Amino acid sequence: MASSRFATFMRGYGRLTIFMIPIGIAINFVGGQIALLLKLPVYLDSIGTILVGATCGGLPGALVGLISNGINSITSPPTFAFAILNVAFGLLAGYFGRIGVFRTWWKTLLSVLPFAFIGGFCGALITIWVFDGLAVGGGAIVVGALTAMGMDLNTANFAAQLPMDVLDKVPTVLIVYAIIKGIPKRLLVKLPLGRVYLGQPNPRAKKPVATTATQP
Amino acid sequence: MTNNAVAAVADRYRQPMTLGNAVLDIHPIAMVAGITALIVVGLASAGWIVPLAVSALFVGIAYLAGRGPSYLVTILKLWIAVGLILFALRALLVKGETVLVPLGPIAITREGIENGLRFTTAVMVICGGVTLFFAIVSMRRLMLALERIGVSPRVSYVILASFQAITDLGATARVVLDAQKARGIETEGNVFVRARAFFPVLAPVFLTAMTATEERAIALDARAFNNPGRHTSLLNLKPLTAVDTVLVVLSLVVAAAAVTGGILGWF
Amino acid sequence: MVLAALTGVGFTYAYAEQPALVGIDLQLEEGRLHGVVGLNSSGKTTLCSLIRGVIPHFHHGDLTGEVVILGRPLLDWDPAELSRTIGCVFDNPFTQISGIRETVFEEIAIGLENLGVPRDEMIERVESVVEQLGIEAIVEKNPNELSGGQRQKVAFASIIAMDAPVVVIDEPTSQLDPEASEAVFEIIEGLKHRGKSIVLAEHKIDLLAQYADTITVMNEGTVVMHGPTRDVVGSDEFGAYGVVPPEVTELGRRLAAAGKPLDRLPIKRAEAFDEISVRIGRSTHAH
């Protein structure tokens, strides 16, 4: 059954992961809300996805993205069409986390490009496929204006969304970097990708025999 | 409160859960079936009248469930924020033969309006159904129903805890933001000033929430969260009643008929 | 049987610079109330975690020596079985609430749900702990909106509802006023009378002196004193580790220093009351 496979997966991913996912989701929401409150011209609503991806792995990150969009869809169903983007952010953050991208600030900054590519380029593609290029959201008016000025509809979508996503992902990955820097070691040791950030291999890596194997 | 009052509360948990309204008491799974069938009817139609009628029906159901006003607010907001823009963009940008209103380089055409109406009502019927479902079925009830059919309590945990975490973290973030303001850290002013307020507010709040997962994990483990055996539940969700079953069957029939009708071009 | 037998136990948290426990030899009997005291960071919580199995199953690190819980080596326990056998309440009330239940009644039932207890029995058990803890007034409140003290009581109720034979409690009264603390201690004593074994880390020494059967004093990760409450609390050495003796013991010492010692050094309020009544009785007699 799917659910039991899910349960096995959650266990395999370490026991803290299941508690980190709701926090990641809340971080997505609160980041977005505060950005609105401070009237910042960026969404900042994928910090949690990337953070959980970077510290717990791609699948937990993807789940954070999926559920965040799912919850948003309760009041704004069209959001769900874009869930795949948030899922992709999580998976990519997991991969980047694993190869140590978030350990150095400049690599972290470089990761903006692929994230913005997913958000901007793939986001535009979804708009074009699902909504025939006429979706709603921050960029819709811009897209409308660009087309009115004679730009091709598809081009207008890319032109509107890519820069917006770059602008959004720079502070997003920076805050993820800052948070990871601040995670205490005692927590990092319990996160699936924590060893990446702990640097040297754990001098006391001796795991008790029963740790992972027997936890039902 | 006296012991009697506690006994009354306890007694309520012994009885099957009821929200005191026939619509609200429909089993979540029957509700999924019913609303999905109605959405299918709306989408199967080639025109815009049927989806619009289904959308109106959703409002009616919300009123029957006693959730009318709040549902109406949600759905009207969606119509304005999503529906209107979807319609306007299409009406303006979809090219057509029959020009109704020429507007310089672009023109409002009959085709554009028809396309806009069709597309907008289709999107809105989905929006209406989804928002109706969540207006009527609480997340807790939905999760309870899903656990009944074998979904892991861990899945429930993740979903339900997310909502609580959003509330808690949002409240903390606002408290910290206000404290920053009180300490004279600027949260107004130009974009860079405001952006600089974002980091110090959020990074520590997020970190604390992450660190607290450690103790949460221990607390939940102490509540036998990792117990492999069968879990029971305090809330007594009625199993599918006869009415629910009829609703499910009816939904299947209606959905099948609508799809067939849509293919054959009945409506 | 022995609740916990520790022989030469040391523990260092993964990546920690200092060991949290060093060379601990300790034996705790079943069916008793064991108090653990010590300054901040002396290792009380770490000791509780170890007995509860949170170390090493959850907090990884370097564990040396031998830990035997209820006759079975700690590492041989299945973690799920261990958490069913040993209930635990930790001190921060804000993390001791599940966050997924809408009323206090449901919150207290959550452990029973996970144990698969049938509904009718579950309701009875929740009703009974609600009454024991005197939290009738909040059963319908949202647990996520309670004050720290109320949460602490609810968390405590959730655990005692599960009826585990052993309960490890880390500062259950940190957010409670004196009366509520005393009430919690009375409940803990009630648990003991029902045959439970309890390990209780606590700063409120007056209450511990009153209720605990044994006291363990920790200092910088080692057990510096352990024994029956009277022997430990009444000993001159007790104050040497930064722990303040009970008020009445202080009083007894001051009287002794002033050349008017009581017949017996009191550690409980009732004893002090008795001794002093006797003294007053004698002096009124002398008149």
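As written, the chains take the letters A, B and C, and residue 1 is the first residue of each chain.
As a convention for this text, contacts are C-beta pairs under 8 Å (C-beta built on N, C-alpha and C of every residue); 3 or more make two chains touch, one makes a residue touch a chain.
Note that the structure is predicted; figures quoted are calculated from it, not measured.
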item: Chain contact graph, described as a line, ring, star, complete graph or other shape; value: complete
item: A-B against A-C, pair bridged by the larger set of C-beta contacts; value: A-B
item: Chain whose average C-alpha position is farthest from chain B's own; value: C
item: Approximate Å spacing (C-alpha centroids) for the pair chain A, chain C; value: 42
item: Cα-centroid distance, chain A relative to chain B, in whole angstrom; value: 22
item: Chain B, residues touching no fewer than two other chains; value: 157, 161, 164-165, 168, 216-217, 220-221, 226-228
item: Contacts with two or more other chains, residues of chain A listed in rising order; value: 15, 22, 186, 190, 215-216
item: Of all residues in chain C, the ones touching two or more other chains; value: 58, 79-80, 99
item: Complex contact set, residues of chain C against chain A; value: 12-16, 56-63, 75-80, 99
item: For the chain A and chain C complex, residues of the former touching the latter; value: 15, 22, 185-186, 188-190, 198, 202-211, 214-216
item: For the chain A and chain B complex, residues of the former touching the latter; value: 1, 3-4, 6-7, 10, 15-16, 18-23, 25-27, 29-31, 33-35, 37-41, 44, 47, 51, 63, 67, 71, 73-78, 131-132, 134-136, 140, 144, 147-148, 150, 153, 171, 175, 178-179, 182-184, 186-187, 190, 215-216
item: Chain C-facing residues of chain B, complex; value: 1-3, 5-7, 9-10, 13-14, 140, 153, 156-157, 160-161, 164-165, 167-168, 212, 215-236
item: Chain A contact footprint on chain B (complex, rising order); value: 74, 78, 81-82, 85-86, 89-90, 92-93, 105-106, 119, 123, 126-127, 130-131, 134, 150-152, 154-155, 157-159, 161-166, 168-170, 173, 177, 187, 191, 194-195, 197-199, 201-207, 209-211, 213-214, 216-217, 220-221, 226-228
